[in-house]
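Both complexes shown next keep chain A, but they swap its partner, so chain B is in the first and chain C is in the second.
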Partner chain A sequence: MNGKGLLRLIAIAVLVLPLGGCWNSRELNELAVVSGIGMDLVPETDEYRVTFQLVNPSSTSTSTSPGSGKPAVVVVSATDKTMFGALRRASKHVTRQLFFAHTQLIVLGEPLARDGINDIFDIFERSHELRLNSEILVARGSDAASVMKLLTPVESLPALGLVKKAQNTSSVWGENRPISVFDVIHGITGEGDLTINAVKINGDAEEGKKKSNLEGSETLTETVMSGLGVFRQGKLIYWMKDSEARGTEWLLNQIEETVLDIDADDKKESVAVNIIYSRTEVKTTIENGLPVFHVTIAEEGSVNETDSFVDLSKREDIMKLEQELEKKTRAEVMQAFHKGQQLESDIFNFGNELKRTNPQEWAALDGDWGRIFAEGKLDLKIKAYIRSTGMSLKPYIPEGK
Partner chain B sequence: MFMKKEVIGPNQLLALIILFELGTAVLVPIGLESGHAVWLAILIALPGGIVLYLVFAHLYLQFPNQIISGYTRSILGPWLGWPVSLLFLPVLLYNGSRNLREAGDLLISASYDKTPILIINSIMIIAVMYILSKGIEVFARTAEIVLWIVIIMGCICIIAVISAGLVEYKNLFPLHMSDYKQALKSAYPNILIFPFGELMCFTTILPHFNKSRKIKKTGIAAIIVSACLLSFTHAIEMSVLGENLYSRTAFPMFTTITLVNMANFIQRLDALVMLTLIIGAFFKLTVYCYAAVAIANDLFKVNDTSRLVVPAGVIMLFSSFVSAQNYSEHMNDGKTFLQTILPVFCAVIPILLLLIHLVRRKFGLYR
Partner chain C sequence: MENINSPVSPKLEDNISTIQARLGNSPDLVIRTYELINRTARVAAIYIAGITDRVMVDDYISHVMSFQALNDHARLAVTPEEVYSYIKENALSIGKEKLVTDINGLLEALLSGDTVILVNGVGGGISGSTCGGEARPVSEAATQVAIRGSKESFTETISTNIALVRKIIKNPDLWTETMKLGDVTHTDITIMYIRGIADEETIQAFKDKLQEIKVDMILESGYIEQIVEDNKYSPFPTMFNTERPDSVAGNLLDGRIAIFVDGTPFVLIAPTTFFMFFHTVEDYYQRYDISSLIRMLRFVCLVISMYGPAIFVAALNFHQEMIPTPLLINLASQREGVPFPAFVEAVLMEVTFEIIREAGVRMPSPIGQTVSIIGGLVLGTAAVQAGIVSPAMVIVVSLTGISSFATPAFNMALSIRMLRFIIMAIAAFMGLYGIAIFTIMLIAHLCSLRSLGVPYMTPIGPFVPGNLKDTFIRSPQSFTRLRKRLVNNSKRSSASPAGKRAAGRKSDER
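Now for the complex of A and B:
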């Protein structure tokens, strides 16, 4: 090939190359950004009703001025046998093509959760737009659509608000942990069962759709994080609340920070200890064909408040508090563990760990892991330390009052 | 006849080999049978890869001015050597086209869902034809520069994945006896051939190397570096995704990177992975294309290399989407190809050549 021919080739290439980029072009003003997806089961059929929360670009300015009139999101629903079918069918309602790369939240309705969720997550793996790291919540006592429709104060995008709520409570209260679609798929494919954060609507769901709900200083209808939903074989069977939920997180080594109210000598639950560090280690052995779970929890906390007299300047008193802390933690963990056993549902990742560390013994176990787990024993060791007492030592409250 | 001999320096060869090795192997799941010990399997295959490379390098040192088709004819004699060398052509073209197909399919499923594969593949092959028409020296110098880009992008990705807290060492350990066995089984011959055996293409590039004393050192260094990078990357992918997801996903690196979310700020680094894919595929394709062109040149005594570049490129382009109807068929073909044909051309023939050569030399059978 001579120089001229080469030049021609280059010229053609230069002209053709940029055209390829236009093939898939999707402009921002032709997209409807989906911030959250709600999934429900249509009653008495096997169809999914999928609810999309779309960002309304004209009213999502950074300043949350109330005067703009329209709400920040628009919600549309579509029904189909498959998730993808539903999301394409939604085109009948929406002027723009749905765009999923910014989907932050997936909400499952309670009826769907009770019916089974094992087969709905394939699209999250297969699609290049939907993300595996979207947060997932299960609606307690309602369908997902009503959760998606609820407007939230402070955050202009309700889906983002729910995600932040889940993350916020996970990091300081410890009854929840951030759970993404990725984690749920791991739970489904692994041994044992899984839990998903639950969210509940307080108040009238119909009122919550309206912007007037946000106009008072108190929102009458709001969403509240409400413990964990326990799934056995992909089906929702139980709602875990309060200390049960926290005990579960403890066994899963997911406590980032939490608060325990422990007993002082003269007043019950009067010392607030902020747990700032907690590490859980699990080792499973098989004895006589039944598993024994050796769990060691090491926790550190600081006394952040005491409403009765505790002489925090004395080492003995601190040690007494540490023992109380251990007792309290033990009670919560045992409560969660017994509930799990009662449900025959290994939501504590024990099965996966056993399989990973000791595949031979795992293979030797016969029968249903849930049942074997239910007969297992928990060997719980807790080490609690109180590292600091805040800005003061002795409280101002006089002794013995 | 020759204008000026094109030469490649040690750094350029190093960069070429690393980019070639990383190529597509860093993106697609390799050595699936080895489960979570895939990183170990890569390291186990490394010594074998070095031995293979030494075979190629030794042959080159014996025949410093000839490419593989040249010394095949010298060793086996022209009557047997010519047809054997000819067989390399379809293998190289087909394997090159497989890389093109993989890159195209991954680009389509990961981002360009509405673009026809013809367009994506032809854009890539046009770039290949362009750089080959500029000559191997230009290509090698490009590699030297691009290697740094790839390393920087790789570092960004890995730092992002690690600091996003996604890495779970639990997914890599512990290793049990059965894991070692499986790792060994997938290392030999599968990982040995893909990606290490594919270095066979470099038998056509080595004659351009200008410091033949350094040939073994450079090559071995490059192979060790690339094996470590491969092993590390796959270990990260495995530790993030877990064995189950890793084995199911078509594009583990992409899935891994989509999970990155650092402080709600650094996320969706997909573009970096796409770039790595395009760069890796480009270098692999170009080396394959060059190898095919060089062998055809030598066999058919065509003096001007660039005249064969366009036909070779067009053949690759068409066989890339004619060869299989869908990705699954493509992967199945690949498995068979990897287990039957490729080992013959990447390992068996070169080793036999070396043995025959040593025997002939020892007994003075060369006239």
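Now for the complex of A and C:
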């Protein structure tokens, strides 16, 4: 390169640089980071009320100036016929532009869920800022706004706290699974129906907004994960909880880890087995015009506690426990399956599986899948193994006491 | 003017007055005349005090003059011609002697530290090399320190420097060629290479290039570097310099040429590739696994020192979604109340850092440390507490600054320092998109560079797979290969000559 070349290069750089023109350059302190969005239906209208939980950076614990005692989040709401309208209408309430790329959580209010959610997710796909991997929850027994306004202990950002709560219980208890906006859109567009994790407010929602709620060692108002909301045709119809919810996750192959209390010889539900591995395989066939779902569950667990005497040093006793484990699992799965059939709602992804493996037969069944599903049969095989008994064999309780 | 070259006159007085006139009656010019053989022969010894070795001069003169005593008995010489030829043949105490016939040659010999003997009645002089004078002894390398390895470093005396390399490579094929450059300074330049390993064409092309140089002065090897460079507008240095004899030796064995310049301890090495700037001699002295990791660390540091603040500014201004949420909130809370945009903040800190660094370099060393401590710690902390910059920015800028010190070659580190500001500005305009475009342009530019005809990016572009063993990592084989080449002295057994051959000599066509 010679001097001329350099001049040319500089000229090109000078011309090209302003073309970008920093059109979307935004400073961090001109942004209002939205950590959570709550969506509700305004009663007796078809307008949405969208509630935003905004991060208040100056009062987070990392701030250089001490956090002035203000809560870490600010909640604002706006009402419009469309989601996007509401997003922009919120500018009336906030000093900074809303920034959605870090939205961790979407909460749907129960009235909205009952009214139908099929048509509200377009903006999540279309917008370059909103994320498809935000967690989604449905508020049980309240609107989304009250959930958004609730402050959480330990976590400074309530939305983040709720996401962590959902993920935490999903990974160790198994009644929930991480469900993102993407999964919901997948569920809406796929065959069959869907479930969304439910969250419930325990206590007085008004008290929960105040910081005083966090000042005691016990938080009087708190959010609790509460099973699954079952949606049929995009409308909330039923709340599943406890073993029903866990049975559903089992059929969906979403159990990461969970705990089953199984029966010992002399005491009911006295042996706690920690399931550390579980795989569910589903095959679907059509027999006599009705679907049969062949489900094989392989699970492995370890005995983490026995409150009655079980001689864990004996192979026979362990095998007895394995049978119990299988029985217990079967009961939960069957309970969930029957509930699904009763609701005529295929929340177990069987429809998609059938369509994928057997598209011709599916063509005949489409259209009335809900009813046909309800008449289908579950062919359930469970293989349960106990792999470990923790750090000891025999319990210290003597036999027969 | 009287600067016209003329032959040495047979008359001694004329010569002396010419020399005195030409040197402006300089007081350090010493002229001692002797009358020999019963005053029939007048002889003068001329030298310049200070650049000659006093002992050698005395020895030389006394040896020459001892002729008087011998002559008294043997009557060896009577006429001036006989005196002249006797001195010529018997001035034994001096290693190097030559005859000068013109005034310019005589002056040149004088100014190089020679002692010249003139005999009245003879149109010629005998110059004996007595050069010496004050010189800094060989000491420890100040700029390229190695924990392990030779502690010797070059000095300002070219003969010492050449000797230091010769002491390492005891091989008759280690050839040197000397020339004088600079119309005013007449600086000694020596190029050194190993015949059979270095590429003949490259050597010849380089010598031609040196001979074309028409400048008044060569004060440092940097002059040569800048004159010879193929691409003067590139921000990247295309010649490597070192003050370590072992580094020179290693590069000679790789088939490179070393250029010694009198008066500077920094020896140039060419042809140079980009990756050479990130290698040190110590890489070969330490075990290969450690060396490889350290090399990779240097390349990581290169990326940090070039892109650190740019990526930070881009992420903060354009790609907030790229930052993990907790970190974003953390950064947002830090930036709350900072009055400047991120780019201004970054430039402010970077410039401050550069000021501190520059001040620290020029300061006497005890004060230099104080400057860096006051600058780095106090200013940084105070700026954060005053809320003018965010703590994260201080971290990024300090990390960048420290990373730039990890580049072993100072001239490369300087280039990267300069580019950092450009990339930062581009990042502030166009975010990561701009950084990507600039990087593509930069890589294209690097690939277009050549150093004495060898592509700068060898062995990446052109791709020489064999050389990769000694580029980003230092494989254990690279060591044995080096041995092998030294033993059988075969041409082109590995390393850079392969790339050289592939590249040809395209630089001359440009």
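Note that in this section the second predicted complex is superposed on the first by the 376 of 401 C-alpha atoms of A that agree within 3 Å, B and C clash if a C-alpha of one lies under 4 Å from a C-alpha of the other, contacts with A are read in each partner's own complex, and residues count from 1 in each chain.
Just so we're on the same page, contacts are C-beta pairs under 8 Å (C-beta built on N, C-alpha and C of every residue); 3 or more make two chains touch, one makes a residue touch a chain.
Since the structure is predicted, the reported quantities are computational estimates derived from the model, not experimental observations.
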{"item": "Partner chain(s) touched by A:V74 [first = chain B, second = chain C, both, neither]", "value": "neither"}
{"item": "First, second, both or neither for A:N24, with chain B first and chain C second", "value": "both"}
{"item": "Touching partner for A:N133 - first (chain B), second (chain C), both, neither", "value": "first"}
{"item": "Contacts of A:V33 with chain B and chain C, given as first, second, both or neither", "value": "second"}
{"item": "Greater chain A contact set [chain C / chain B]", "value": "C"}
{"item": "Contacts of A:S58 with chain B and chain C, given as first, second, both or neither", "value": "second"}
{"item": "Partner chain(s) touched by A:I10 [first = chain B, second = chain C, both, neither]", "value": "first"}
{"item": "A:E125 touches, of chain B and chain C: first, second, both or neither?", "value": "first"}
{"item": "Which superposed partner A:F99 touches (first chain B, second chain C, both, neither)", "value": "second"}
{"item": "Partner chain in contact with A:T189 - chain B first, chain C second, else both or neither", "value": "first"}
{"item": "Contact residues of chain A, present in both the chain B and the chain C interface", "value": "1, 6, 9, 16-17, 20, 24, 101, 131"}
{"item": "List of chain A residues in touch with chain B within their complex", "value": "1, 6, 9-10, 13, 16-17, 20, 23-24, 101, 125, 128, 131-133, 182, 185-186, 189-190, 356-357, 359-360"}
{"item": "Contacting residues of chain C [partner chain A, same complex]", "value": "231, 233-234, 316-318, 320-321, 325-326, 328-338, 341-342, 384-385, 387, 391, 426, 428-431, 433-434, 437, 441, 445, 448"}
{"item": "Interfacial residue positions of chain B with respect to chain A in the complex", "value": "109-116, 119-120, 122-123, 126-127, 129-130, 133, 170, 174, 176, 178, 242, 244-245, 248-249, 254-255, 258-259, 261, 268, 304, 306-307, 309-310"}
{"item": "Chain A - residues contacting chain C, complex", "value": "1-3, 5-6, 9, 16-18, 20-22, 24-29, 31, 33, 35, 55, 57-58, 60, 62-65, 99, 101-102, 104, 129, 131, 157, 160"}
